[in-house]
Amino acid sequence: MSKRLKHRLRSVAVVAALLILPQVVQERYFLHIVVMAGIYTIMTMSWNLLAGYSGQLNLGHAAFFGIGAYSSALLAMKLGVSPWFGLLGGGVIAGFFGFLLGFPALRLSGPYLAITTIGFAEILRLVAVNWVDLTRGSLGLSGIPLLTPIRLGSWGMEFYFERDYYYVVLAAVVFTYFCMLRFTHSEFGVSLQALRDDEQGAQSIGIHTSQYKLAVFTISAFFAGMAGGLFAHFTRLVSPDTMSLHVTFDTLTMTMIGGLGTTAGPILGAVLLSLLSEWLRTLEDFFRMDIRLVLYGFLLILTIRFMREGLVGVVRALKEGFSSYGKGRNAGGDHD
Amino acid sequence: MAKAGTPVAIMTEILKIENLTKYFGGLCAVDSVSFSLDEKVIMGLIGPNGAGKTTLVNMISGAIPPNHGRILFNGTDIAGHKAHAINNRGIARTFQVVRIFSKLTALENVMAGLVDRRQKGPWRLAFASLVGGFGKQSQNPENRAAAEGLLELVGIGGYRDELAENLPYALTKRLEIARALATRPKLLLLDEPSSGLNPAELVDQIALIREINKQGITILIIEHVMKVIMDISDRLVVIHYGKKIADGKPEAVYTDPNVVEAYLGGESHAAR
Amino acid sequence: MLRVEEINVTYGKAVALMDVSLHLERGELVTLLGSNGAGKSTLLKCVSGIKPPIKGRTIFDGEEIQKLPSHKIVQRGIIHVPEGRAVFPDLTVEENLRMGAFCRKDENAVRKDMDFVFALLPRLQERINQSAGTLSGGEAQMLAIGRGLLAEPKLLMLDEPSLGLAPVLRDNIFAVIRQIYQEKDITILLVEQNARWALQVAARGYVLENGRIRLEDTGEKLAANPHVQRAYLGY
Amino acid sequence: MESLFLQQTLNGLIIGSIYSLIAIGLTMIFGVMKISNFAHGDYSMVGAYTAVFLMAWVPGWMGWVGSIIAAAAVVGILGIVTERLIFRPLIGRWTDIDIIMVSIGLFILLENLAQLFFGATPQMISDPFKGATVHIGGVSTSVLRVFCFGFSCIAIGALQIFLNRSKLGVAIRATSQNRFAAQLMGVDINLIYTLTFWVGAALAGVAGVLYGTTFAVHPLMGAMPTLKAFVVTILGGMGNIRGAIFGGFILGIAESLGGNYLAMEYQHAIGFFIIILVLLLRPRGLFGAKEGT
């Protein structure tokens, strides 16, 4: 019981620290980066559910991000839907596309699935470039409305500054984290991992693997779409680049370096790499070049070569080294 | 699930195979095999390497569809049904080369089998995981206790929190049996449960199979280790080149000239 | 000629071979019996360098070879004809045979051996330009054996040459093996599920069970051994 | 109208020959080592930059031909280095995800290293034939393109001869069909790995010069050839070299005609449309290889 209490206390401490962060650091540029890191965290967590827990190598994740961003923006701009519902709408529409992309996954795996998903994202990106009436082509949509103010009696909140978005994104990250935790630590999650580890074995114990694949594609896409919606209303500019291969590659690099198939890995990866790359940007004058992505590639290779479970695996190994009492797994953010 | 025919005698037929046939390319791996299996019996399926035994089990469990023939399980034809659907009807299996979930713990492997999949699809499970109370769903007390019980039954209770990939080979075979049992089967198909086990482990394995049978589960077992098969089978079916060549009590089958011929070889069939 | 000394081989955690020792003298035909999964194929893979042992030695012509890569072992004349007719399906019959002679330089000697193989297995000559994937099971097995012969083996290891073949074809293969043994200066290690035939043709035999050598004797005595008679029903 | 059709078909053939050249290496590497290398197009990028630098020294057609040879050499070495340092250590423990991820890591690395060293501005390889064109029966094309086509066909033909006639070539094919059996024939498998990467990368390097002469050279140019090569490879069946040759021409012509008659904007997506359709109908590609051995 005391262990549980300790755990709770730690969680409360982390949440409290996150809540007062914008009050302590008020620099807008820094907060901008933190908000973007939060948006990426949702991307990495959702990709991790798909690739890490159910073994479906989706290399078109940026498509869901872009669909969410465009949908949310267009719902607000063309139909005047409140951005708050737009976020949800973006997620739902992305989820629908995720469901569609799930179908090829029923028959394909490995490189075949990887290329099909890339193709899916590329086709959608070209649609976004060419459907000028709707998307304004490669210029992108600009002037996307801000999130509308919330009023509850006398208390109210408006969304002008990074600080305000920080809280929205924080809430979204916590919500996503909570959902992912629940998904992965339930009968649902065990079934997904079963199908990842051995599809035939999973079918032999009655798991309808096709339905699970469709479900997990849909769910994962929903969250990625929501991240896209947040991105749209935060940056107020959505271009076809949101669907480019590089968004997917950033997402997967962060996840892999943090630790694929772990709860804490995607968060760790997204936050650390976002901060790291900003720090590197400040060093750009010193190096006279942008070595950020070079480092990404290098780290990704090193991760797969030397630390299969990413930073989470390293932390876990260190912990076990200290206590020399390992339960075998479940490190990071797992609750017991 | 319709009950088969009318329950005349004490023995009811749980599985009936009729003219089951499977081709791979031009090769006829299983050639019009028929047999039936009564409830609560242990039936051995033997035959030389490459005779088509695993193919037969693969068809019964739905891993591959047959080309011809019927598979009646409790009176329903399940030939060509998908593997998961067949499992939901009450047939579980193990594999010649173990197919455990390597990144899950032993306990989680079994719990994956315990989920009541007849009632709950992925959407329902996903939704339930979100709205359920705090704490881990996968560790709800009832399921957990049942899973622990199954691990105890197969004798690996001490390894419940170990990742399946870290288990010694002999124990992964047992884990697979526990996982199959978790789906509450009426018929259990065991594909070479003793391969790669040493003599001591073999004895334990026989005891385990008997124990499972005592709980009222019908067993169809493919086995190469003769000691095991002669010890535990109530009945033997022998397959050779995809055809059934003998069927009956182990002692009778054992001395059947056809069977001796198939195994020891010598003069070719053509000569006989 | 070949001496295997107390080798252990594992696949991950599963132990496939435990302290296995055996030996073959020059010109002998020795058979290896054992049930499915007893470790026969693993033993051959171990000798041919595909799956090196974690412990123990294999000595060929007086030299330790267990640490050599497979291509070096092939160059010394140990040729392993794998089970399941592992031919190259998209290469022609001729290309398959030429692959057998991959390590050889002397083109004339290869020609001669090619002729020997065609004389032995005329079906292959008929299908010389056909791709191996279109051959029947028996023909593919013939091709695998012929390909092995082209490597100029001193020691030929045959893994289940009759596996999955119909009786007539099986007898055919047996006749071919007998002929090779009689006509070539060759040592053969034969893994065969047809125990009766294998024990007839072999001077000596080993019985491998659960990764250990259980029995070792002359072919005749093994054939008369009650354990062998009993156990190899379940073979 | 008919001449337009011919014109587009010709353009398709020319670009298709370059696609084939890139895809052959990718499919060979997949066949022999089961590696899906997402950095394959970057070999072309490096090849193209080799030409940019060499032709700054030696302009004209001598520089161009020299670049093609130099690209084969430089990129061949790069291929060997990446195989040794990045891919080989993963042998024995790789999963599809590992391989794809590590090659994506290599892709990101090479792309951005190029950006560092060569700058982001696109560069041109100057046309060694100074824009000369040829006309054949109502169809016209640049001399440059004719030479590109010629070089591709020569390279593809040379490779075919190597794979069909030489001992090592046959060994490469044998290894990709059954690695275990090839080892038992005395094939040094590590040598074959190195050789395959060397040849595959060198071909991509040569293709890079041709591709870069036709389009522009910039650090991010590798992504497109990678994707095209994957489309071609899947069309032809992964590991199937002859399939890759046909696949390249099919894709080139389909893009050229489809771009003209259907929708120019979606020209680069045509390949994806095709493979999504193909994969849904035949999960192993048009000339699909049988399940692995």
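Going by the order they are written in, the chains are A, B, C and D; count residues from 1 in each one.
Heads up, the rule we're going with is that contacts are C-beta pairs under 8 Å (C-beta built on N, C-alpha and C of every residue); 3 or more make two chains touch, one makes a residue touch a chain.
Since this is a predicted model, take the numbers as computed values, not measurements.
Q: Check every other chain and keep only those touching both subunit A and subunit C; list them.
A: The common neighbours are B, D.
Q: From subunit D, which chain is the farthest off, judged by mean CA positions?
A: Chain B.
Q: Distance-wise, how many Å sit between the C-alpha centres of subunit C and subunit D, to the nearest whole number?
A: So the centroids are 41 Å from each other.
Q: I'd like the Å distance between the centres of subunit A and subunit D, where a centre is the mean of that chain's Cα atoms.
A: Between these chains, centre-to-centre, one finds 33 Å.
Q: So, what's the distance in Å between the C-alpha centres of subunit D and subunit B?
A: 48
Q: Give the residues of subunit A that touch two or more other chains, as numbers and ranges in rising order.
A: none
Q: How is the touch graph of the chains shaped: line, ring, star, complete or other?
A: ring
Q: Would you please name all pairs of chains that touch?
A: Those chain pairs which touch are A-B, A-D, B-C, C-D.
Q: Enumerate the contact residues on subunit A facing subunit D in the complex.
A: 51, 55, 57, 59, 104, 107-112, 114-116, 118-120, 122-123, 126, 129-130, 245, 249, 252-253, 256, 260, 289-294, 296-301, 303-305, 308
Q: Touching subunit A in the complex: which residues of subunit D?
A: So the residues of subunit D touching subunit A come out as 30, 36, 86, 89-90, 96-98, 100-102, 104-113, 115-116, 223, 227, 230-231, 234, 238, 263, 265-266, 268-269, 271-273, 275-276, 279-280, 283.
Q: Touching subunit B in the complex: which residues of subunit A?
A: Contact set of subunit A toward subunit B: 179, 182-183, 185-191, 193-194, 196-198, 200-209, 211-212, 214-216, 219, 261, 327-329, 335-336.
Q: So in the complex, the part of subunit B that touches subunit A is made up of which residues?
A: 61-63, 82-85, 87-88, 92-93, 95, 99-105, 108-109, 111-113, 115, 117-118, 120-123, 125-126, 128-130, 132, 135-138, 161-163, 166, 179-180, 182-183
Q: Quick one: in the complex, what on subunit B touches subunit C?
A: Per the touch definition, subunit B meets subunit C at residues 26-27, 46, 48-50, 167-169, 192, 195-199, 223-226, 229, 241, 254, 259-260, 263-266, 268-270.
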